[in-house]
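Some structures to go through are shown next.
Presented sequentially are two complexes of chain A, the first with chain B as partner and the second with chain C.
Right, the complex of A and B next:
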């Protein structure tokens, strides 16, 4: 029983990680109809930015975390400005290969700069264990869950209430009509990329004290997050978040009870099963964030 | 004139081992080794282009089919001691059948989702190859894979392997040409260019997509067999996603959907890194940037640029 609870909490942490990455991916697809294969690399770069600020510069955890998130948000903005803008009007083939190429370039640059040795960033909370009735878990996991709830609530508020969020929702419905009524569509796309990159970086800041940072951490993460996006119903942010938690918990339980070695395959098994039963995804509907 | 040129080119290719021996005797083995890799990569790139260039499905699962064929042949050759032609056929069949089985759920996906789904499948296959140690030996690698042999006739020398590679790429090339030129090719292109219109003309898109996907996968499995029988060792790393990137660079640089373009791309991208002698990490950085620039600036590849220039003048 304690095992089950522990695994479930681990699954929730994993789910929170996937959800933060998948939410950005779904947001991008919703607003500009583009799949960013380099999304996991935002997480990877966020992790290294955090490692540098926290371990090398010795900044306190919250400051280093906010700095990393801010830096990646600027990086997402610059990425939209340079790469994405040139491919937005092109076919999806070109978009997909261009973002895949970006992902390869960033991963291998990270190997050249940081080396293949994983970087560890333990915090005080990641080694402090909370024990409640036989269930043992690191405080950092509670931090992850708490922060994830805050972040998703913030995202929900932003998309529903703020002016930019409304513009995003409008653009996800009809880009041309937005341009006609005077929405600055380029500004909205820039904001979407900045926010999505910041979400991925926030995930890295929260989770890397538990897991290590290494150059190709992004590849598998993009895939799993994308599996969550497909499972949840394409381009639907809430669906992607829910599916991420489903995948996280399934993966954790499968790693505990079935086989640890094959845990990375779980996300795809879930995705394939869901697609066979419901091709439009669990919460499938037409596109719109 | 054209026939004469083709004959000369074919003669040069067939006589390459002697030509290399005459011109550069010191590095003969090395040059032949690069040529063997080039021919195998060219054949693999062609089989890949059948799917992405002709029915327009951006599959990223090709290393998986290559790997399934490679593992099937490696394990049948070492554990079961099957003769080479039989394990080659078994490898082709295994890769084709897996492509068929995985195609059923994957073709429910479109565009990006199909790409991601197939990439996911490729990752799963690599995870299995790495972790199912009892079966694939995992990171310990399958070693001592026998050389191809037909009865008492063994292919063991470098020139013999070169001719085998040349035969493979010629066969795949002819097959590619046959599949993409006639009635079937027109159906493929109809599905690629306008799925709705194709369906309205009683061309079942799913059927043709599946056909190209399964044939491409089966061919990749066969090439995987040749590859492991040449190299003699098979590790899970051979199935990595970086193989897809190499193939994408070859196909997109040369020109998607064009036999000559893909061959040129494959030749350039197997020989070039050998000549430049770069560290693999730097090579991937350059490949990534090159792929980015090529796909944005010249989406139909160098072949397309040359074609346009030729028709303009």
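Right, the complex of A and C next:
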């Protein structure tokens, strides 16, 4: 029972990580119809920005976290302005290669700039252990879960209530109609990338104290987030979040009870099973965030 | 035909460049014509991917060595020229790395491939292209069957393999644990070591409780640690590199596990301690079977720190051992004996060298092109490395 509880909590932590990355990926696909294969590198850069602010500049954890999130938000904005805007009207082949090329370039740049030695960012909470009924976990895991809930609630409010959020929803339904009625589609796309990058950076800020930051950290994350986006119903943010938690918990339980070696395949097994039963994804409907 | 001023200028420029190129000796620095050609040494390791930290260490070591040798005039008056191949730690990329070093860079000898899988991938191509390769850190036991005078005369291995290490280390482990779980990288290094230790444990009466594999670049070990907790072995053998080790150790402590830790890879190293500098005692008590530790050559350790501002890296040091005590003496002998330092001459010399007093023991390749350097048992104690035992490995 202790094992089950420990694995479930761990699965929730993983799910929160995947969800924050997948939500951004789904948001981008929903609004601009593009799959950003460099999205995991946003997480990686967010991690390095956080490491620099927290370890090198010695800023307090919340300040360093907000700084890293802000920096990545600006990076997302610049990325949309340079890479994405250039390829948005091109075929999906071009978009695929361009975002993959960005991913490889950013990874190799990180090797050049930050070196290959993984960066550690332990916080007071990551080394303080909470023990309840034989279950041991670092307080940082609870911070991840709590912050993730707040972030998703904020995202939900933003998309449902704010003017920009409404514009995003409208664009996810009909980009051309939005342009016709005077929605500044370029501004909306810029905001989408800024928010998506900030979400990935927030994930890095929360999870890095438990895991390490290294140049390649984003590669597998992009694939798992992509699996969550497909499983949840392509381009549907709530679906992607729910699917991320499903994948995180399944992965943790399967690694704990079945085989650890194949745990990374679990995300894709879940995806295939869901697609076999519901080809439109768990919460699938027509595309729309 | 009338020539415009622009066309005329262009033609004069082309003629001038052609004259410079075609004139005997022109365009070639006088000093280069007089100096003997450099010796081209290729280093192949993982420069990208999750194992890139090993390649960075190898690159830094190579640059230090080349500068040091060249400052003294090179080897027998021949300067060292460096070339690098990126095998990304995988067999497929290792083939490309070797082809690039041989076909494009035209190297005379290769040191590499650091990772067992890359080594296994590189062996056939090294044989096909007839270039000598000195392996510095690939411990998969299968490699021994694939190199040597009768199988692949172009490959040589300095480091011992995991069968040699396991037979000795299992004896040591049996004094402290009767039941052990293995947690190993899911690659040729990890799987080769797991098989070797499985067999060695049987000989010394250790019960293998479970074997788990993980993919490199992992950040999440909680589920497998939960399995270890459930199985409750007395010891855990980690086949793991330093870059993964820090996260593993933090999660190990988070779960409150107290098993005795044994390791193969690069856990009891300066790069691991640098990684966990905030909590240096996190892996106290961990004991590793290895063949390099900075205490063997403190001078090298010091020069490394001065130059790169980070502690010495184990894979760079192993590449340096292969260069200083195998490749460099072989080049010297080849030049002395034949006046040449081409691939064939270096290969022949590698078969003959016998360097008795190196920091890692004697380097002499046998019929299977395997050297038998010392095995070391190194412990982390009080956040420091402690050399517990040096065990000579017999052929």
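The rule is short, and it goes like this: the second predicted complex is superposed on the first by the 289 of 289 C-alpha atoms of A that agree within 3 Å, B and C clash if a C-alpha of one lies under 4 Å from a C-alpha of the other, contacts with A are read in each partner's own complex, and residues count from 1 in each chain.
Going forward, a residue touches a chain if its C-beta (ideal position, glycine included) is under 8 Å from a C-beta of that chain, and two chains touch if they have at least 3 such contacts.
Predicted model, so just to flag it, every value in this text is computed and none were measured.
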{"item": "Touching partner for A:230 - first (chain B), second (chain C), both, neither", "value": "first"}
{"item": "Touched partner set for A:86, first chain B, second chain C, both or neither", "value": "first"}
{"item": "Which of chain B and chain C A:220 touches, first, second, both or neither", "value": "both"}
{"item": "Contacts of A:111 with chain B and chain C, given as first, second, both or neither", "value": "both"}
{"item": "First, second, both or neither for A:35, with chain B first and chain C second", "value": "first"}
{"item": "Touching partner for A:157 - first (chain B), second (chain C), both, neither", "value": "neither"}
{"item": "Touched partner set for A:264, first chain B, second chain C, both or neither", "value": "both"}
{"item": "Which superposed partner A:122 touches (first chain B, second chain C, both, neither)", "value": "second"}
{"item": "Intersection of the chain A residues that touch chain B with those that touch chain C", "value": "107-108, 111, 219-220, 261, 264"}
{"item": "Complex contacts: residues of chain B adjacent to chain A", "value": "56, 58, 105, 108-109, 111-113, 115-117, 119-121, 123-124, 127-128, 130-131, 241-242, 245, 248, 252, 281-282, 284-285, 287-289, 291-292, 295-296, 299"}
{"item": "In the complex, chain A residues that touch chain B", "value": "35, 83, 86-87, 90-94, 96-98, 100-109, 111-112, 219-220, 223, 226-227, 230, 234, 259, 261-262, 264-265, 267-269, 271-272, 275-276, 279"}
{"item": "Residue numbers on chain C that touch chain A, as the complex places them", "value": "48-50, 52-53, 55-56, 186, 212-215, 217, 219-220, 222-224, 226-227, 229-230, 243, 246-247, 250-251, 254-256, 271, 274-276, 278-279, 310"}
{"item": "Chain A - residues contacting chain C, complex", "value": "3, 6-7, 10, 14, 107-108, 111, 115-118, 120, 122, 126-127, 129, 131, 136-138, 210-212, 214-217, 219-220, 252-253, 255-256, 260-261, 263-264"}
